[in-house]
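Listed below are the structures to be examined.
Both complexes shown next keep chain A, but they swap its partner, so chain B is in the first and chain C is in the second.
Coming up: the complex of A and B.
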């Protein structure tokens, strides 16, 4: 097992319209035994980054170091990494045990030993009874397990997983997530997991890398990324329902009060910072609100256009003068129906630079206690 | 118009009439297509006089195995047959190996002018074999490959090879690259990923190419005609002409040879038709 250091890694692809930068001088370190998710929208360069670490793509510049060994120019065969591909890549003409033990076959291990080792691994991942079947006879989740089995049989230096669960249905995804965490604890490995699903990243990671446009937007624990986003992109990408963003003006540079543009709404943010620019984007998460029905609206709020029930919560879509905002309320404590006029009180606010999108200030968590869980 | 079905006959009867008339059409078409083969079978077991007289009842009455015995024991037939089999086997092996390697290379290896090369390969089809056989004769002469079965194998391979390369190229494109990449990640070389993963998945394509190469060589007349003059090296196609002497043709013996010639091709297509169809599906 080993740590992975990526230093100013750059990958360009040539195209008719000049080079396309897929990964733009990215640097980070994944610690030994850490579970890191790389998350971002499609086309952000996350898969290319992973393939560079694997050695399947040659970086344009920069370096990759595994456990202190520089591997940038070493072919994938000699890196001793495991890679689980998006379409699972089980070999259809080989039985499950042959698939799992294929890496050992490449090492010249004889068939009997391979079968025994495959049996051990299969027991670990709870598919011991499927060894003599063909991949075509297995369900999606079972195929997933076989692919994971093949990756752990050789005790690689690290595991790289490229959206391995994107083809599974929602329920199976949740099961496999738990399973993957169990396996990671059991075999204890460094894992780098690429996904476009922020919920998956939030639940799996020790730390997560949020990527956009070939660059790392933020690298931190799920808590950090959720509560202290570096910029508008991270705030928007992480968390569901999506954060509310309103362009606003800040009269004094402490950020204590902002005025939402095109309205007379002055909102107390609870922020006491300094050097806040005049032109800001005011953000608040749908969960960090108090919603109350009112007769006469004076301030942030509007008419409830749609109520979406998710479990014992309601997601409210509220039509305001400055567009739609979203709020999450408890179904029993705050019974609100479509057509009601509601006032929205913001509990926790974020201020982003109106021009660059960088976070300039956010209100501290109330009492700085782990109040509500990270909801994805 | 009066409605017949429902009034005069039942729907069940109508369905039966329909099914029977379909069968009649199918059998009639089949009979028309099989007529040459049937005629060959009849001819093989007929006396030469009766056959030449052209009277069907006399022909059918003259049943004899003499033509078969003449062909098998009193002619060079066995030598021709062996030559045909040897050459066909050579063409199959050479074509399948060459087109598999070329197809893999075209799919997986990036090099300049790849598309241009792939299209150029198909140009080989545009020249009639007879046109190619003239320069071929001169080149083979220089190489000492005239009157040699090896030379014939190379010459006849030129016919199925463009199709074979094209087919295998398309077949390897259906094997996703990440299957091979997963082999490389597990520590395997490109040879491993080719042999263990790409090849088994492209096997139906190889069978299709093999069948095509076999029938192409088996039926090839032009190249043996031009390149082989020694009687003991003739394959069946040109050997068949030896049953015509001066102004006379031993038709019943010709038929007997044709019958034995059809059998391997028939067996091959019958047992491997599944793969053949898959091969054509990929190229379509």
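Coming up: the complex of A and C.
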């Protein structure tokens, strides 16, 4: 097991319209035994970054160090890294045990020993009874388990996983997520996991890297990323339903009060900062709201256009003068129906620089407890 | 639709349209009728050009028939035994084995290597693939004639080059010497058909997903191991099929050998088909020639059956 250091890594692809920068001078360190997710929208460079670490792509510049050993110029087969692909690359002509123990075959281990080792690994990932079947006879979830089995059999330096669950259905995904965490605890080991699914990243990671446009937007624990986003992009990408963002004006530089543009709504943010610019984006998460039905609306709020029931929560889509606002309410405590006029009280606010999108301040007001649960 | 086709449609009565639609959909819904409709033309053609002549040849082999005499004289199945025990037939059969299996071995090795080569991604790969497949378009007659020219001892380019490079001291009549004639015919007759193997193999190679190789790389496989564990299992069956087809066709090969050597020098390159030709048109013994052909057919049929039993090329490799 080992840590992974990535230093000013850059990967450009050539195209007809000049080079495309997929990974733009990215630096970070994944600690030994850490589970790190790289999350971002499609085309943000996350898979390219992972393939560079694996050695399947040659970086344009920069370096990759595994456990202190620089591997940038070492071919992938000699890096001793395990890679689980999005499209499960099992060999259809090999039985499950042969697939799992394929890395050992390459090391020249005899068939009997390989079968035994495959049996051990298969028991760990709970597919012990499938050893003599062919991959074509297995379900998607079983196939992905076999692929994971193949990656853990040789005790690699680190595991690299490229959206391994994106082809599985939602229920299976949840099961496999738990399974993967169990396997990681059992075998230990550094894991780098690429996904476009922020929920997956939030639940799996020790720390997560949020990427956009080839650059790291934020690297931190799921708590940090959720509660203290670096910028508008991270705030928007992480958390579901999506954060509400309204352009606003801040009259004093403390950020204590903002006026939502095109309205007369003055909102107390509870922020006591300094140097807040005049032109800001005011943000608040749908879960950090109090919603009350009102007769006459005076301030932030509007008519409830849609109520989406998710378990014992309701997601409200509220039409306001400045567009749609989302709020999450408890079904029993706040019975609200479509067509009601509601006022929205913001419990916790974020202020982003209106021009650059960088976070300038966020409140630590009401409802902010240290053990506040991360809702993904 | 154009104005013209609109007019044409308008001329056809609606009832007729409906009726033909009903008949057609009836055919397509009934599997057995569909089968009959689709199979009959091919089957009729096959019977006409393959089965009937074959039966006719079998029948012919039981008679004494001269090319110049219309009277058929019954000799019976003993004729086939006579052919089998004749020295000329046995010698020709031995040469057929050498020519057939030698050619196929050459074609498989060259064909598969060529396929692996042009399957790689490089600048101009598409052009290279096209060029590699070109020899298959060249007629056997042209290959034979050009081969003769190039191999000629007096003015052939091959002798010239070999002497210039220093491999040979004196020109060699490759097609005229008993030691070299068979090997030379095999090589010249095979390079075109190696492309057939390339064609089949390349199609299969291109269907292997790239991530299989990446997966193997991440497991630690080197280039040879990737070939052994990913490529070979995928192309094994197509190679077996190509080998069977090529063996059958090379055993029956007549044109290229006849053009280049006429079976010579002496009898060095007289394989079964050339032997049969000689018996029919030089010795004017059509009956015996038909007997040779019939025996050849029996041998190839047996060979195919054994081959399918042993090699099992029809067993599809698991791809999913």
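Basically, the second predicted complex is superposed on the first by the 369 of 376 C-alpha atoms of A that agree within 3 Å, B and C clash if a C-alpha of one lies under 4 Å from a C-alpha of the other, contacts with A are read in each partner's own complex, and residues count from 1 in each chain.
The rule is simple: contacts are C-beta pairs under 8 Å (C-beta built on N, C-alpha and C of every residue); 3 or more make two chains touch, one makes a residue touch a chain.
Computed from a predicted model, the values in this text were never measured in an experiment.
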Fit or clash - chain C, chain B, common chain A: clash
Chain B versus chain C as contact partner of A:140, first or second or both or neither: neither
Contacts of A:299 with chain B and chain C, given as first, second, both or neither: neither
Partner chain in contact with A:277 - chain B first, chain C second, else both or neither: neither
Doubly contacted residues of chain A, that is, touched by chain B and again by chain C: 54, 56, 76-78, 80-83, 85, 87, 89, 91-93, 102-103, 106-107, 150, 154
Parts of chain C lying in touch with chain A, wherever the complex brings them together: 209, 211-212, 214-222, 225, 229-230, 233-234, 317-320
Of chain A, residues touching chain C in the complex: 54, 56, 76-78, 80-83, 85, 87, 89, 91-93, 102-103, 105-107, 134-136, 150, 154
Chain A to chain B touching residues, read off their complex: 54, 56, 75-78, 80-83, 85-87, 89, 91-93, 102-103, 106-107, 150, 154
Sites on chain B touched by chain A in the complex: 176, 178-179, 181-189, 192, 196-197, 200-201
